[in-house]
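Consider the two complexes below, in which subunit A is the common component and subunit B and subunit C are the respective partners.
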Partner chain A sequence: MHGSDSGIREAVIQQFEVMSIFLGSHPEIVESMTMQEVNEELWELGINPKPSVDLTELTGESVASSGPPNQTPFPGVPEFIGEDLAVRSGSLRRLFARLQEIEGVEYSWVDQICSNPKDLTQRFEGAATAKEFLRKNGFMDPASFSIDLDLAAEYRGAIDPSRISIVALYPSGALRSVPSEVSLVAGRLRLRIHDYLVFIDPDADQPTEEIASFWGPVTLFAIQS
Partner chain B sequence: MASGKDELRSISSEEWGDIYKRLRLYTWKRYKWLHYKIGVDLDDFVNESIYDTLRGTRRWPPVDENGFTKDVSLFFFLCQVVQSKISHFWSRERHNVVHRIDQDNASEEAIESFETLLAESAHIYPGLRQTKGSDSDAIDNEFENGLRDVVAGDDELRRIVELIIEDPSLRPKEIAESLGLANNKVYTALKRLRRRLMLLRSEFKGAE
Partner chain C sequence: MPYEVQHIIGTGDSLLRVPDLKWAEPADFKAGRNVILVHGFTSHGYYLRELGNFIMAFGHQAFIFNYNSYRGIASASDSLKDFLLRYDKSAGGGISANPVSIVAHSMGGLVARHLAVDAEARPMVRGIAMLGVPNNGCFPSARWLSCFIQYGEHLSGFMPGAGNPACLSARECIKADDIGGRPFIDRLNDTWEKSVSCPPAISISGGKRFLTLSRNRLKNWLSNQMIQAEIGDEDNDGLVTEKSVNMHSAVSINASHRYVHFNSYPYYRDLNHTNLTQNQTLALEIVDWLRRF
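Moving on, here comes the complex of A and B:
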C-alpha cells in the first residue's frame, strides 16, 4: 500500500495523529477533568458551552443552564444575536497563558491592558463561498452592535477613550485590532463595533468551508496607548 | 437495588448539565474533523445518545450475557453510545464521503489518510500496530521507535508507553493498576504524552 519512505512516514504520522485523538478524548480523562477545564477546552475547540438543546425537554428534568453564569444578554446587543451570544468572564488568565505560548514575540503592551477581556460567541451558517456566507448570515447590509467592557479593578491610571484600541484574540492565536467607537460610560468602556465579522478567525477558513454551521468565539480586550 | 430508570431519575439537573458538557467535549475532541470535513452536526449524536438512554432504547447500566449489571459509569456509557452511533453513521456514509473528497481532487494519499482516520476514530480503541501491507512491519517499528524517543528520560511515561505498545486497548485505570500508580497520575502523564506526540507529529511533518 505504501511502498516508499514517504509512505511509511505518512502512515506513522497518521498513527501519531490517531493516538493523539484517542489520548485527548479518552472518556476517563474527560471524566476526571474539572468543569473549569471542560469549559476551557470547549472554548479552545470553538464550541459554545451553552447547550444547543433544551435539556429540560431532553431529560424531563428542570435543568438549570449548564453554561457559564453570566450568559444573560447584555445591554446594547440587538435581538439578532441575543440567543446565540454567550458572554463569559474571567478569561484574563487564559489570555495571558495564550500569549505566553507565542514564543519569540515581545508583548510589551500587555501591561497596558486597561479592562478585563470579554468572550463572545456567535453561531454562523457555513457556506461554500464568501458571498453565499454573507447572504446566509444576513451580512449583506452594514450592521453594528454594542458591548461593554468592565475596567480592571487593579488599573489605577487615567482612562482616555481616544487612546483606547480594541483588540480581538481568536482560538487560533490570531490577534487583530477591531474598528470601533469607544466611550467611557459609568466606569465602563462602551464599544460600538461596526462589523459582525469580528467573530471570524482570520487564520481559519470557516466562511468558505462546506460546513453546516460553526461557532465563532472571540476574546475582546482594550489597550491604552 | 435501584433500577437503571430510578438511577437516571435521581440524577440532578446540575449533574445532567455537567454530563452534557463532558459528552460534548468528548464527542467534539474525537470527531471534530468529521464536522469540518462533511458538515455533520456532532451535537446531534450527543443529543440522540442522551435521548436514547433516557427512553431505554439504550439500556444503562448495561448487563452482561449472564444478566449481571456491569459497572459502567453513565458518562462512559454515553461515550460508547456516541461512538456506536458514529460508527453506524460512518458505515452508511463512507462511500459518499470518500467520493466527495475524490471530487475535490484530493490526492490518493489524502483520501486514504482521511478514510483511515475516520475508520479508526469510529472505534472505541485505536487500531495501533494493526497496519497491513508489505510495509506494516516498518511502519510499526518506526511508530514504536518514535513513541520510545518521545518519552526518553521520563521513566513514568516510558513504562506507560510500553504497556500501550503491548495493548493499545488498555484503559488508563488498567494502566494505573498495572503500574501501581494513582489514576490521576496516569491521566496527567497521558496528557503529557499527547502534547509530546503533537510536537513529534509536527516535527515529522516539518521534515517532509
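Moving on, here comes the complex of A and C:
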C-alpha cells in the first residue's frame, strides 16, 4: 500500500541516511563495489525499486521484447510487456540464506539447485475490483516471456534440460513449481514461462484497491533431479 | 510415515491400510471386502483417509495407494498391479478370490481403468467408483498447466519435481502425448469400449466452477477466471468438465459395461473438484454402489 508522497520522501531520506552511515563507517565496501552492485544494494533496501540494469546482458536476448510474434523464439505467442519487467542476478549464497530463513521446512532438494537465482519483478496497475485488475493488467490475454538462468559452476557441462524443474521463491517464503519450457542455450538455461501469475505471491493476500501500482517480486532458480 | 509427495518420489509407491496408514499386510486382504483409494495427479493419498475411514464403517477394509503421479498413468497402474499380484500371492490367492473395489479421484480413475483392462489384473478388480475423473482429458494449455500445478501444490505442498510440463502424466491428462499415435486417454477409451469384461463403474461429477488454488484471494480469482475462460460455458468442477467426467461422451457405452454416471444430488453446484472426496452424500452413494457388486 502506498502512503502519501511526503511519507515516501521521509522514508527514502531515512534509508539514505542509514545507508550513508553504514557506508561511511565501512569505506572498504564502497571501494570494492561496482556502481551496479551499489544500485542493487539500494534496490534491496527498497530505495530504488527498479535498478537500471542491462536486461539483455542479464537475461539473454530473448527477454521481454515487444516485437511481433513471428520474431519470438516461440512463434504465435504474444510477447511480454517488456518495459515493466525488472530483472537482476542473485547469488546462490543469498538464496541459501533466504531458504534458511524460512522456518520449519527441511529441503532435501537444496543440493540439487543447479542455477544461480534470478530476481524478477513485474509492475501491475492497481484497481478497485479484481475484475478491473484483470482487465487493466491483461491477464485474459495469453502472455509469455523468456529468461535465462546462469548455471552454478559445478553443473556447467552436466545439465539435462529434461530433468530440470523451475522453482519460484516469494517474499512470503512460499515455494512453488513453475511450469516452463526449458532449453540449454549457450551454456545457460533458457526458460519460457507462460503466465503473469508467476509474479503474484500465493501465500500473501495482495490488495489492489487504492493503489496506483505495485511490484510483484519473485526469485526463480532451477533444480536438476 | 511422512505424508509428502517428495517422500513417495524418494522411496517409491506404497499400499497403505486404513486407518493406521501402515504398509498393508497379507492378512488385511483375507477379511471382508476390500476397497483401494487412488489419489489424483500431483498429490498423495493422505487427503482420502477420511473417506477411507467412512467406507471402513460399512464393513469394508480400505487401503490407500500412494504413487508417484508424474511418471504416467500406465506406470502407476503397473505399480498397483504389482502390489495386487504380490499380496494375492502372499495372501494365498485372497485377492483373486475376493477382488478389490477401487474408489478413485481425478487422474486416479484413469489409473484404475487402465488396471481394469489389463488381462492379468482384471480378475482382481471388482468395480471402480470415479470422482471427478477426466475420462476424456482436460483442456490443453500451458496456462491451464500452471493453474494445475498451483492447485496440486496448494493441496499437497511444494513439489520441486512437478514443474516440468514435459512430465508424462500432465501430457497424458491434457492429451498432448499423441506424438506418433493416439493420446493415451483415447487409446484407453478405445480399449474400454471394445472390452466385454470391464468391471462395473460409476462416475460422479461436481458443478462448482471455482477452485481454491492458493491463500491469495486475488491469485485464486485470477486463476479461476483464466480456467473458466478456457473451458467456456460447459458445466465443470473448476478443473474437469462434466462431459469429460461422464464416460458417455468418450466411450460408446452398452449394457455389458454396467456403467452409470451420477450428478443428480442436492449439492452438485456446491462441489468443486477438491470437495468431491469430502461430501457425505457422495460417500454414501459410493458405499451403496459398492454394496451392489
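Here is the rule we use: the second predicted complex is superposed on the first by the 138 of 225 C-alpha atoms of A that agree within 3 Å, B and C clash if a C-alpha of one lies under 4 Å from a C-alpha of the other, contacts with A are read in each partner's own complex, and residues count from 1 in each chain.
One rule holds in what follows: a residue touches a chain if its C-beta (ideal position, glycine included) is under 8 Å from a C-beta of that chain, and two chains touch if they have at least 3 such contacts.
None of the values given here were measured: they were computed from a predicted structure.
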Query - Chain touching more of subunit A, residue-wise (subunit B, subunit C) - result: B
Requested in this report: Determine, under the contact definition given at the top, whether A:I164 touches first (subunit B), second (subunit C), both, or neither.
Outcome: second
Query raised in the report: If you stack the two complexes on chain A, which partner ends up touching A:I200: first (subunit B), second (subunit C), both, or neither?
Result: second
Query raised in the report: In the superposed arrangement, does A:D141 touch subunit B (first), subunit C (second), both or neither?
Result: neither
Query - Touched partner set for A:G126, first subunit B, second subunit C, both or neither - result: first
Report task. Tell me which partner A:V178 touches in the superposition: subunit B (first), subunit C (second), both or neither. Result -> second
Report summary line: Per the touch rule above, subunit B residues touching subunit A in the complex are 11-14, 16-18, 20-22, 24-26, 28-30, 32, 35-36, 39-41, 43, 47, 50-51, 54, 73, 75-76, 79, 109, 112-113, 116-117, 120-121, 125-128, 131-135, 138-139, 142-143, 146, 171-173, 183-184, 187, 190-191, 193-194, 197-198, 200-201, 204-205, 207-208
Query raised in the report: Which of the residues in subunit A end up touching subunit B in this complex?
Result: 1-3, 6-33, 35, 38-39, 41-42, 45, 47, 49, 51-53, 55, 58-66, 126, 209-214
Report task. Show which residues of subunit A lie in contact with subunit C when the two form their complex. Result -> 108-109, 112, 130, 133-134, 139-140, 142, 144, 162, 164-167, 174-182, 194-195, 197-198, 200-206, 208, 223, 225
**Report entry** Complex contact set, residues of subunit C against subunit A
**Finding:** 6, 10, 142-143, 145-147, 149-150, 153-154, 158-166, 213-219, 221-223, 225-226, 229
